[in-house]
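Letters A, B and C mark the chains in the order given here, with residues in each chain numbered from 1 onward.
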Amino acid sequence: MIWQDLQRIRAESPLILNITNYVVMNTTANALLATGASPVMAHAIEEMVEMTAHAKVLVINIGTLSGPWIASMLEAGREARRRGIAIVLDPVGCGATRFRTHTAQTLIDEIHPTIIRGNASEIKALIRAGAGGRGVDSLHTPDEAGEDARALARAAHCVVTVSGAVDLIVDGEREARVANGDPLMSRVTGMGCTASALTGAFAAVNASAFDAATRAMTLMGVAGEIAAERAAGPGSFQMHFLDVLHGIGEADFAQRVKPQAH
Amino acid sequence: MIWQDLQRIRAESPLILNITNYVVMNTTANALLATGASPVMAHAIEEMVEMTAHAKVLVINIGTLSGPWIASMLEAGREARRRGIAIVLDPVGCGATRFRTHTAQTLIDEIHPTIIRGNASEIKALIRAGAGGRGVDSLHTPDEAGEDARALARAAHCVVTVSGAVDLIVDGEREARVANGDPLMSRVTGMGCTASALTGAFAAVNASAFDAATRAMTLMGVAGEIAAERAAGPGSFQMHFLDVLHGIGEADFAQRVKPQAH
Amino acid sequence: MIWQDLQRIRAESPLILNITNYVVMNTTANALLATGASPVMAHAIEEMVEMTAHAKVLVINIGTLSGPWIASMLEAGREARRRGIAIVLDPVGCGATRFRTHTAQTLIDEIHPTIIRGNASEIKALIRAGAGGRGVDSLHTPDEAGEDARALARAAHCVVTVSGAVDLIVDGEREARVANGDPLMSRVTGMGCTASALTGAFAAVNASAFDAATRAMTLMGVAGEIAAERAAGPGSFQMHFLDVLHGIGEADFAQRVKPQAH
């Protein structure tokens, strides 16, 4: 159950190591803290092995990728594999440039992420060369990427989350959908990256990657709904979203989660 | 008219490629999203040509400049010129160090920005060696830089926006002033950078660089006034500012824009 | 008195040069602005000497450290020493990796910071190899690090601030404690980094490093208390915190500061 997992996150404050992009570092650190986890943001190759050793989960996000960071992502990823630490990969902008597509594919081949979370264009680009979007936007709905997501999950032996108005989570055999959320979330930068970071927090307390991925999207969606109801726009939405992550209770999930997403 | 341009931004969601500074990446991405545009932040030289090809406008900001980024700025800028994509240059801190002044001058010489937006000290430093400020503050008012702004606009064949309490926009022949805004805006980091980013959004839907520059400053000023009226300080100002960008309507401009700024 | 120092910061707007981490650049720039200071964030080795020459105080923070930044920190630090400019060092994550511990120790040896501010684990790690925490969290209370803080202050001839529920400030002879603050502050990223930045602002107007360090923690604690009373969670806390820094008055300190912290 999501509530039990969230209580564990709050009680255990698992350390989540993020090698992520400049745009969302502050946002995702605050979302992890508001949820109850303990974020570390680091990227120097000199400390990747030691930092990974402290972490419960590694989250890799290629949003503002550059050459030197790739080496650090690979180094941390390999150490995470050696230690059996779950890895979440967010292939931001995959498909928009060959550099991103190639880097994401290399990361998948080399470090075998436990969970990949992207929008439909990014997920399609990972499995079909040249199918990607123009940047961080998606040109497709999650269900349009369903076939590709299942193929990616089977090929990479991982869970794939395709986020959108209705999120799709697949692992090659099972699938779940999360229909919570609000359109205002697409008017705030870094909500996808935050979803990936929270996926890391749930993976730190739940050995089932499929359940962790599904529950992270459920928390995103439910917290997003509540925050949007209180917000006057994308500025106040961000504030309320962090407050809701911090204060959300069992009843909020009971009232809002649609059966299929559970 | 500004309202028609804003409606086009909201309808077309033009992709704005930003090579910008670490301090404001989140802020300006959120301001572009709240306005209706679609921001991408990227800087790796390996993907500059492809990313630029997706963009309607390129915004270059030297706020946290370093060597490797200059090469990416030049690469993206040259591709933007090849494709006829408008370029906005924000010469942050120009005049404070020779490194910044020299880089800004090189960018102007090499990639011919369509619009340059800075404060009075930055604009003066671009045209007179050694006339700059001590960092991101301006020691001068826009009108004190009027002569230099006109000289720069003529020399660089571009539009120059000098922002301050009353913004000045010149193109060598015409000039406009925008008297909207609020002093609280100077107590929030990145408002100048946001102005440059929004200048990019308007340049994406309006072929007149002069009008785009003027309307972006008008939106900044009007939204800033409304947000300041609702704010208790610089923290709540930031929240309201994004909410206002998202929700601002035709009547807000009609009520607040001074004739000269239109 | 803290109120006189704060009035000087607001009146003189001292320029604080920050070589700091990506996560908090926006946050600390806004906190400095809200307090009345003038922040500059820069890190290119090409401009460190010139930028330092403009600054009243240099703040160095190793939160997202990487190789190229260390050279810039050393360059700026040496210029600051040459000019007699106070240096604040925030050894973020010291003890979590040898890279951070070694870098912080090198900075102390080479540039002799005026004030070092960290949590208990970070301060312990600076004086005892291997005593550090797992990242940015502290495993100890400030008083548990009291002995080490005093040893560090004496060895490095500087003031040491150990922040926590009750902050401890020592200079080898004197000590002060600041008991203001709120637990919500630990659920927001960058509050420690903000404390270091504000320490820089007070050091710009007060020649006593011990008083500057103590008053910065007092402002953090009092503003944090007021903001927490108004907040519904960590999102609204951040907003109120900036508003409070901007608007805080003499009476707020008179009502809330405990005698020992003064």
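Operating definition for what follows: contacts are C-beta pairs under 8 Å (C-beta built on N, C-alpha and C of every residue); 3 or more make two chains touch, one makes a residue touch a chain.
Computed from a prediction, not measured in an experiment: that's the story for all the values here.
Engineer: What's the overlap between the neighbours of chain A and those of chain B?
Structural biologist: Under the touch definition, chain A and chain B have C as mutual neighbours.
Engineer: For copies chain A and chain C, work out whether under half or over half of the interface numbers are shared, and give different or same accordingly.
Structural biologist: Shared-number fraction below one half, so different.
Engineer: Centroid of chain A to centroid of chain C, CA atoms only: how many Å?
Structural biologist: 32
Engineer: Could you say which residues in chain B touch two or more other chains, in rising order?
Structural biologist: 22, 26, 238-239
Engineer: Applying the document's contact rule, which stretches of chain C touch chain A when the two form their complex?
Structural biologist: Contact set of chain C toward chain A: 21-24, 26-27, 63-67, 93, 96-100, 134-137, 187-190, 231-236, 238-239.
Engineer: Could you list, by residue number, the parts of chain B that touch chain A in their complex?
Structural biologist: Against chain A, chain B makes touches at 13, 15, 22, 25-26, 29-30, 33-34, 38-44, 46-47, 50-51, 54, 68, 238-247.
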